[in-house]
Amino acid sequence: MCSNIRPFLLVNNNKRVLEKIMRRYSSSTGSAQYETLAVSVPKKYVYHVELNRPAKLNTFTPAMWKELSTCFSTLSETPECRVIVLSGQGKHFTGGIDLNGFIENASKAHELSDVARKARFLSYLIKEYQDGITALENCVKPVLAVVHNACVGAGVDLITAADIRYCTEEAWFQVKEVDVGLAADVGTLQRLPKVIGSASIARELCFTARKVPSKEALDIGLVSKVFSDKDSAIKEVLEVAQTIASKSPVAVQVTKQSLVYSQSRPTCEGLEHIRLLNMTMLQSDDLSKAAISQATKTEAEFDDL
Amino acid sequence: MCSNIRPFLLVNNNKRVLEKIMRRYSSSTGSAQYETLAVSVPKKYVYHVELNRPAKLNTFTPAMWKELSTCFSTLSETPECRVIVLSGQGKHFTGGIDLNGFIENASKAHELSDVARKARFLSYLIKEYQDGITALENCVKPVLAVVHNACVGAGVDLITAADIRYCTEEAWFQVKEVDVGLAADVGTLQRLPKVIGSASIARELCFTARKVPSKEALDIGLVSKVFSDKDSAIKEVLEVAQTIASKSPVAVQVTKQSLVYSQSRPTCEGLEHIRLLNMTMLQSDDLSKAAISQATKTEAEFDDL
Amino acid sequence: MCSNIRPFLLVNNNKRVLEKIMRRYSSSTGSAQYETLAVSVPKKYVYHVELNRPAKLNTFTPAMWKELSTCFSTLSETPECRVIVLSGQGKHFTGGIDLNGFIENASKAHELSDVARKARFLSYLIKEYQDGITALENCVKPVLAVVHNACVGAGVDLITAADIRYCTEEAWFQVKEVDVGLAADVGTLQRLPKVIGSASIARELCFTARKVPSKEALDIGLVSKVFSDKDSAIKEVLEVAQTIASKSPVAVQVTKQSLVYSQSRPTCEGLEHIRLLNMTMLQSDDLSKAAISQATKTEAEFDDL
Amino acid sequence: MCSNIRPFLLVNNNKRVLEKIMRRYSSSTGSAQYETLAVSVPKKYVYHVELNRPAKLNTFTPAMWKELSTCFSTLSETPECRVIVLSGQGKHFTGGIDLNGFIENASKAHELSDVARKARFLSYLIKEYQDGITALENCVKPVLAVVHNACVGAGVDLITAADIRYCTEEAWFQVKEVDVGLAADVGTLQRLPKVIGSASIARELCFTARKVPSKEALDIGLVSKVFSDKDSAIKEVLEVAQTIASKSPVAVQVTKQSLVYSQSRPTCEGLEHIRLLNMTMLQSDDLSKAAISQATKTEAEFDDL
Amino acid sequence: MCSNIRPFLLVNNNKRVLEKIMRRYSSSTGSAQYETLAVSVPKKYVYHVELNRPAKLNTFTPAMWKELSTCFSTLSETPECRVIVLSGQGKHFTGGIDLNGFIENASKAHELSDVARKARFLSYLIKEYQDGITALENCVKPVLAVVHNACVGAGVDLITAADIRYCTEEAWFQVKEVDVGLAADVGTLQRLPKVIGSASIARELCFTARKVPSKEALDIGLVSKVFSDKDSAIKEVLEVAQTIASKSPVAVQVTKQSLVYSQSRPTCEGLEHIRLLNMTMLQSDDLSKAAISQATKTEAEFDDL
Amino acid sequence: MCSNIRPFLLVNNNKRVLEKIMRRYSSSTGSAQYETLAVSVPKKYVYHVELNRPAKLNTFTPAMWKELSTCFSTLSETPECRVIVLSGQGKHFTGGIDLNGFIENASKAHELSDVARKARFLSYLIKEYQDGITALENCVKPVLAVVHNACVGAGVDLITAADIRYCTEEAWFQVKEVDVGLAADVGTLQRLPKVIGSASIARELCFTARKVPSKEALDIGLVSKVFSDKDSAIKEVLEVAQTIASKSPVAVQVTKQSLVYSQSRPTCEGLEHIRLLNMTMLQSDDLSKAAISQATKTEAEFDDL
């Protein structure tokens, strides 16, 4: 019977409702909001999102997928947030999916007796997981990921949806999914080849599930820079973030929208898209503010967006 | 008159029919099947396809295009085949298209008196050649190409349709087509820029037809690794193949299907595609087998696919 | 009122008309044709287009966008032109957009009282600028860009629409747009990620507007080669151009058409496109000329295209 | 300043949260759930959604867009719902958008001082409205719309996202948007030409905003059938709904998914999509149940989906 | 185990091989070629394909899907065939899929123990069936379908892939699939809405599986004309076919290629496609022949294509 | 040699230059501007374009293709033009392409000795013709075509690019191209099936080249209305035009842009496109003007666009 789906979703929804209520009355950026994420504002306009299950290697629980979705879509609409840095609490960035949560969901599917009903259930589940990752791409603010130590399975799906990737020397990456008997289905197969630009290497990593050390990650273009350790990485990436945050939010966010839209489309379609955006955005006050700032070598103060 | 096409096709078809009959009664993997290819099974689940005209630099004859098509679509549907290694017999990987065969076909076109009829004939011919190459991409099993010495013209078309490329130190590559007065029309112009990720270099190679040595091939991402010689290359690539073959065929083959589909489409379409695949594939027994294998550190035994 | 647009366009059009008349009666390749570009023919079949406002850092004026459009579409249809080398007169390749011209246009938009009318005006303006850049891509002859010293803002838009990029050691690149308060809207966001193949780096450059020195440009695949200075760069690139110019124009130009068309489309669509092109082009005399040339090791003489 | 957006959204979200809580504890289908919609279950598996602001001509308030979104996405995931009939309470189907709500939102936009910030606000608003309409299309259960008397503006957007349209004799339709100074932006321009199949008529209706009586609506294919009055329309459409509800939910819902996906895509892509769906769905028990039902002329009892 | 697939396919392939051999040595158009189809040449250049299982209501057996594929791809490449008329032997056009054959295949799938392996098997099966239908669309010669009496299920899939549809007065149509527990997966859901142009009616027919009489078929645009009985229908349609066959094969076949390609693509892509076709085809002799024919009011004699 | 192209194009360009100069100094709407078109302004904001070669059945000369392109792109940018009515001077709408002009161009192609060079020449020629037709679609103002008497060949290409079609009782239509030995290549094959919504009828008309009388044109949706004679047709269509012209130009023109863009794209892409347009356009003053106009039942006065 399919009736198993409903209670499951109901419980989830109610929980979500309660979370939302609590969140609204807590401070708007504190970690209190989320069970699996920590959100802070280390610098003006710069938000820091941390995977926050350090005792469990920051593995992805069912709650985490939902919270990623909520967190990044909320930040996308939070005017005072201009750039987001993403890292993990503790030693490891993330060990990938949490097996207990995964088995729990899988067993729910197995209780359904018919292939079509199981498929429908799984389809919704995959969609929910995908939405958690895609929330980074849909977020109009740039997301800078800082990987430290392990970045496994779902972790790779996550960072390939970020805009820029950095890592520490001891970091390593693993497209783990084939080892657990499934094809990666929340983004790596779609985004990794576009991120690193070499289909040859992307396919090798996806087929063999071998570990990629930080140096190779740099060589193949998976990360933009390698830092000696986590502290210095966070420190320097926050500075990059600050630089970006100091620029016109209109300029930065429209840049991201255009880059994401144009990625896998014929150039002419991307050009039409930016034309529609900029016929409006060029009427913004940010242009003259930036022009004056450039001319006078002073810092511009842009309104939030 | 167009009547010249028919006899040509009839002869070909009859020959194909005879080949097919012979093939069914010969051993299912032996070289006896094919005139221009040698197929062997060096390791369980790992098939080795060799271009087999070493006396003629493994150049592409009309028969070879057809046999590539038949061979890779057959292996795609052969359950006990899980990974394919592709190389050439003899010293050279391939010298490209066989000029005699090409001239023969060209002269057939010239016998037709009308431009439209010639164009129709050529259109079918190009389609047949393209299908020979695309068969590697349509094959749901990963194809690992090992290039040794010359890889010229059609050879580059061929390997860019493989999943991963390796080569030996003395290997060299040449997008030769402009030198013989035509634009490459069986895949290089479509796939090379996506394989190496740099439009700048891809265009230079296609416009100048200059030779690319193995070291540069590695630097630009055309190959994933360079080996000292052919023997060690084959040996090590067979080991990579064995590693891939030991994993769940569901996981590996769905991974390939998703990578190929998503390559030049917007990310959201690729995500929908893998969702449709995995709502079924996550119901497979391979998941629990792989989970147990990972937990117990024992090798899983997966059914063929 | 929208009536401000008309006079502006009228004046422009009349000027264009006069330019066109003058151009027709001047020598067909001399710099006399253009106000902002210099066109010469240093070698048979090889055209050299130079940005020609050295006193103003070759910055982009309203006239320059239009002339780029005219120049490259004219060369595309000029049979005796087979390859184009693009560089700047003077020390710098280009300092990007000319602020005076930009402000002049912006103030025209501001005279319009309604957002919708401003948007329409800006939409036409962006389209005109985009067309100036896209003219390089639509030109069926290969365009080789040689960057020396500064290549800022619109300069990056320009060179990413070229086929191959080279630079000198002291060259540097800057995606400047966010610094002046706008998202790049004439091509960089669409083309840069495809040119260099790494989304990670492309986004960093677009968000931070930091300068990229020549060495990094080579490492990330933005340029194919770095030369010690401008003279040797021009000299050697002209030789590459000559090599390309010596080949069949049918082969070279169809190669470009296919590469451009296939760039962001599924492979099967690119294959159909080249099949339609080559069912005609393989009937050309260039094939037999090239075949004889290859066989006899003599230079072929191809007709113009 | 942009800070006006936040309070607005906050208020809305809180309201949504409260609504959700209330909904969960009320009967799952009763009108108590929604402020602007009435949901009932007149027949087993058949849900009836009514626009429920009869005193206000069922005009669209900000709440209604959200509730349409919630209602149809909830019904999409409600297993016991198999078909949905959509009509309006009272005499008129709908008078279109509620001007007070629209002005309220518009004034919020006008409080923002910068064009870019206004545009961002409006973009979110249009998206929210579009999502309310698209929820009918995304709902995997067939939606049968019954139009009675006025169907104006947003009403046409709404019914063109339904699967089948019926109306009463006195019904009339009006693509009203140009009359209020804007281009329709929540679906009519995208869906109407595909629904009626004639671009000629679709454009005339959109440009002139003229009223279309029921008879013409039938002739141009906007509706499938005209009934004498509302009562008989509802009665007979509920019977059609019951017929559909008696069939395999797998068959019916996959049919809708495939029809929606294939609508504006090349046929080959639609065929691949249904192949991926049916490689699973043909494994369902519904097939044998339906086969037995057909053979024995007895009614099949299918599980919910 | 998946090994059940192989023997099945092997047997099929051998059978195909034998069929092919037999076919080559029989008359090239006689019914001897096919088990389930009858092919004749009632008029010069006009081929008549008949579903040929009259004793079984011309239901679709596994063999028929394959033979449709072979027959229409062969006729596409048969120069002397210029137009094809399609009808059924006996009273009924077709009763749809043959249940015995379908159950046989379904039971093969059920022998496989794993969902993923079943899905792979079903995926190949659906593809083979789809290819049988799509062969009509891929055939470059126009296909005119004449429906008489029943046209059920797969029959509708078949005729919507034809170019023009005619029927007799007593004909009726039924999109039967939902009644047998599955979504139509061989073309109706993709093509029917495009054929009749009204999404409203298409969806009603697909959801309710109700019968459509000939008069309604004409009204909704499913057929172009209704004839009083089968004999007069065949007679008059053969005359339409003869008219088409008398025209330039280049003109007619390129017209079909362009119509099929452009159906669901943006107009600009369709225009580029026809431009690539006609830059060749306008060089054909057919133009001057047709011009002379028009000028002199004499019949032109065109070469085969 | 290809040199034949150049003089031809040069002459043309010079002529175009002269035309442009003359045009600027003549009255901006008078027929003096064009050789083959007459442009007048019968009502405020309503422009009337007439094919103006009545002595030659308004057949399409090389000049007419160019002038259509110039005329409609100029009117698209002419603020005071809001709607365009298109008809022919004299009895016939148009007899299609002028054979003399066509033969002249064809003979130019034949002077070229190589297939590839001919193809390039023809490709440019077709493009120029296509651009003449597509100019109607790219024009952001609605185009209402009034067909009287003959509308043959290129005439059908022309009117299918208009927004709405009307005709007189004695009007007839003919997709003539197959009769002159070529596939229609300037728009009919792309647009006709979308205009009339029935693929069945569209293909019949394209394959048989039979004449369609006005009554059938109405029945199949090719025209929206049939008028008794030309005078009353022009009179009443001018009134429709006036109605459209009285509405907000922002509303009307954005409506057209959205309809054209969305025609053959998935609905979600069309919705994103209109969202980008309207996030700007909803900030226009036209909204409040129209709202006041609706509320006060007075005519609004909108600024030009």
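To keep things simple, chains are lettered A, B, C, D, E and F as they appear, and every chain counts its residues starting from 1.
Keep in mind that, in the parts below, a residue touches a chain if its C-beta (ideal position, glycine included) is under 8 Å from a C-beta of that chain, and two chains touch if they have at least 3 such contacts.
Just so it is clear, the structure is predicted and the values come from calculations on it, not from any experiment.
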{"item": "Classification of the chain C:chain F interface as same or different, half of numbers criterion", "value": "same"}
{"item": "Which of B-D and B-E has more C-beta pairs touching across its chains", "value": "B-E"}
{"item": "Equivalent interface to A-D, taken from D-E, B-D or C-F so that over half of the residue contact pairs match", "value": "C-F"}
{"item": "Chain centre separation in whole Å, for chain C relative to chain B (CA means)", "value": "35"}
{"item": "Distance between the centres, which are taken as Cα means, of chain F and chain A, whole angstrom", "value": "48"}
{"item": "Residues of chain A engaged with two or more neighbouring chains", "value": "115, 119-120, 194, 196-198, 221, 250, 263-265, 276-277, 279-281, 283-284, 286"}
{"item": "Parts of chain B lying in touch with chain C, wherever the complex brings them together", "value": "99, 106, 109, 115, 118-120, 122-123, 126-127, 130, 134, 137, 177-187, 189-191, 193-194, 196-204, 206-209, 220-221, 263-265"}
{"item": "Contacting residues of chain C [partner chain B, same complex]", "value": "142, 163-165, 194-198, 221-224, 240, 243-244, 247-248, 250-252, 254-259, 262-268, 270-271, 274-284, 286-291, 294, 300"}
{"item": "Chain F contact footprint on chain C (complex, rising order)", "value": "1-3, 5-6, 9-10, 13-14, 17, 20-21, 24, 77, 79, 113-117, 119-120, 124, 250, 280-281, 283-286, 303-305"}
{"item": "Complex interface listing, chain F residues touching chain A", "value": "273, 276-277, 279-280"}
